[in-house]
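In what comes next, chain A is part of two complexes: it sits with chain B in the first one and with chain C in the second one.
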Partner chain A sequence: MTQTPKVSITEDQRDCYQEISNVAMGQAADLLARLLDVKVILPIPVVNLIEVNELRMALSGIENSETVSGVCQGFIGNGISGEALLIFNDTSFNDISDLLKYGGAADKSLELELLMDVANILIGACLRGIGEQLDVGFSQGHPVVLGQHVNLNDLVAANNYRWTKTLAIEINYKIEGYNINCDLLLLFAEDAIEVLNRKVNYLLED
Partner chain B sequence: MADNSSDNFKEFHSYMGMLQNLDVGLVVLDREYRIQLWNNFMESHSGLHPYEVREKNLFETFPEINEEWFRHKAECVFQLNTRAFTTWEQRPYLFKFKNYRPITGSAEFMYQNITIIPLDSSVGVVERIGIIVYDVTDVAVNRIELKAVNDELKRLSRTDRLTGLYNRGYWQECAEREFKRAQRSGSPISLLMFDIDHFKRVNDEFGHPAGDAAIKNTADQLVMNMRETDIAGRYGGEEYTMLLVDTSAENAKVFADRLREHIASSTVHYQDASFQYTVSMGIAELNDDIKNVDEWIDAADHALYESKEGGRNTVSIFKKS
Partner chain C sequence: MSIPVLICDDSSFARKQMARALPDGWDVEISFACNGEEAIQAIKEGKGEIVFLDLTMPVLDGFGTLAQIKQQDLNAMVIVVSGDIQPEAHAEVMGLGAMEFIKKPASKDKVLEVLKRFGVI
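Right after this comes the complex of A and B.
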């Protein structure tokens, strides 16, 4: 307890995380495109080391005033633990009945189906993509519905967070021709950052 | 060599024993949705022995499964070689099993979370999928009960105890919201404010409980006459407010007059006493001169004052002076 080294990432490491996310995100977008039979606009992932109470700011892809719906899913592997958050802007759901292959108008339960479908694909594929590059196999917990049609602040209310710092990778997905906007946030726990940095350093040495 | 293979066999055997006794459901399906594996959990809860279900089609064996829904999820796993999770919030269960605690459990059936995993994908083609069934009844029941309690608390915090109308605080919140909405949409909206005439006399003559009965009667008449979209609240002691959405002052007056007459012709019975009373009303339609909700309420209050001056038991519309 005498020394608690401050976690930080260098510019090189940040670039490397960005590159890793890029690859993973592309794979995920490809699957999403196949699931929904649409063209997914490839975003640029944003990598940041943030305080957990700044989580709200990390969700830059989501408009401030809108209500949102979201799920989260925990993951862990080789000492790297974190959570994935998928947050949909509720205005997205206006366009959703067009996309869903269930038929019928988009009501709250259909929205949940889509939310879960997209979460399964994006979170699963992103974690797999990142895991492959870092040589880590991630176990995933069961996803939990954070809320539907709630205020963003309520959704990510910062209560009892045990981590002060988190490595946040934000990926904002958009779908061409539709007003659909969702934010995938991969949050790595503070004690995972050191392990991640070591792994990334290997890649940087090559 | 022989020892080694017998060790392997033992190890395999104990693995199988663990899988069989694991208290989650494990099912393996082939590409045609035929059941390939059925563990002890599934056997116990379904009452079907593995030999009874092996090679049987899942949907024929369990007609309660929504085939379209499950296929959609499973096809993602087959085609995209990725895991799929479903939660009890989407559908309470995949297999309709009884609650694991039939005596003390409050839920009738077992709430389930489902994980679907791709199997046999060594050549890149998913030939089978595995279904893992988790019993999450306790979590689900707690969540549902918590939500019910929270909804009730929310309702209580918004409601006036005596009349069942919205209380002043919540009504004012609604008014702020409707004010903004009307400003955006430009559709007409009117605010009605009214109170009981000579309420002090009712109290003095028949006592406060009788006064409460009059307050309750007024609210009942209001609820009976209002439309579903109208927002009614108890503003103060014997004062009431109401927002009439998509309604001009003239149309609001038609409603208000009808309500006023209903109230005037109703009789309040309290213990041995019976009495009648009247109300005075004021209406203010929202216009560009009104800058906020307080001004709007003031305008309606002004019209109400006019009704009082004009001899009571009447309705006045606010006009710019």
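Right after this comes the complex of A and C.
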């Protein structure tokens, strides 16, 4: 019987992932800030090795009481695969619609368009930023809608993962002066973690 | 005499990365700080004539650190090194008295260029 080796990350590796995410999320935020002509408030990214069934806990930036809408997008590059989730609290859409000068409240199809637009920008830029630092070229799949105006637990449950463990990077973006709150979650597949750890070790070497 | 250089960042990887980006052969005495509060303390102890300062940090962030340096009239040349590359963040730190803004990860060439421009090296 073969045993799957236990994946883990050291404190130094976690710190390194956090710093890499920090740089990448800054690049993504800059694009969003330019698109919406706003100031994006940057958080400290949260990096954790979690069980996939603990995913809900990793989404700490969103309250349980809020209804949300979200998309997911798979990515792969150099043997590293994973999935990005972008989740908005539903109250965000009116402000985004205003900022993009669509005028009036957003209907469901306009919301979907906004969701896709922002997802493309944020997910693309974050992956590019991480890829540049780790010397990996990621390609992205098509974005898939996980749900609109649903409960967060239902949204997370809508997605099935083939992994049990995942390296989760959570970035919670807020926009100064507006009621816009979104969580970007990058989930790296279980079998990608070892490859990632090796890349990070290389950066940590003297 | 060696120049006291302070690197302030909450990430140990980022501190290391910054130290590596310093010019080769530059005669410096490097100290490290994990947040703004530690940085202020180190500057008061004369350990930060030149400070490489991150913005997003717990306890006291980079913006707060710059404000403190100004308020307490501390003698330090601050170069902000940050992943927050929004034009507003850049303008804000310059307004708070930073000498220059370098985007993360800082490259050796960029650091050298900035230090030369300010006649430090």
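The definition used in the following text is that the second predicted complex is superposed on the first by the 196 of 206 C-alpha atoms of A that agree within 3 Å, B and C clash if a C-alpha of one lies under 4 Å from a C-alpha of the other, contacts with A are read in each partner's own complex, and residues count from 1 in each chain.
The criterion applied here is as follows: a residue touches a chain if its C-beta (ideal position, glycine included) is under 8 Å from a C-beta of that chain, and two chains touch if they have at least 3 such contacts.
All values reported here derive from a predicted model rather than from experimental measurement.
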**OP:** Following the overlay on chain A, give me a clash-or-fit verdict for chain B and chain C.
**Re:** fit
**OP:** Check the residue A:109 against both partner chains and state whether it touches chain B (first), chain C (second), both, or neither.
**Re:** first
**OP:** Could you tell me if A:12 is touching chain B, chain C, both of them or neither one (first, second, both, neither)?
**Re:** second
Original post:
After superposition on the shared chain, which partner residues are touched by A:203: those of chain B (first), chain C (second), both, or neither?
Top reply: second
**OP:** Classify the contacts of A:25 with the two partner chains as first (chain B alone), second (chain C alone), both, or neither.
**Re:** second
**OP:** State whether A:120 touches chain B only (first), chain C only (second), both chains, or neither.
**Re:** first
Subject >> Touched partner set for A:145, first chain B, second chain C, both or neither >> reply: first
**OP:** Please provide the least distance in Å between a C-alpha atom of chain B and a C-alpha atom of chain C in the combined superposition.
**Re:** 14
Subject >> Complex contact set, residues of chain C against chain A >> reply: 10-14, 16-17, 56, 58, 82-89, 103-105
Original post:
Within the complex, which stretch of chain A touches chain C?
Top reply: 12, 15-16, 18-19, 22-27, 29-30, 33, 39-40, 42-44, 133, 203-204
Subject >> List of chain A residues in touch with chain B within their complex >> reply: 31, 34-35, 73, 101-102, 109, 112-113, 116-117, 119-121, 124-125, 128, 140, 142-145
Original post:
How about chain B: which of its residues touch chain A in the complex?
Top reply: 68-69, 72-73, 76, 79-80, 82-87, 89-90, 113, 115, 134
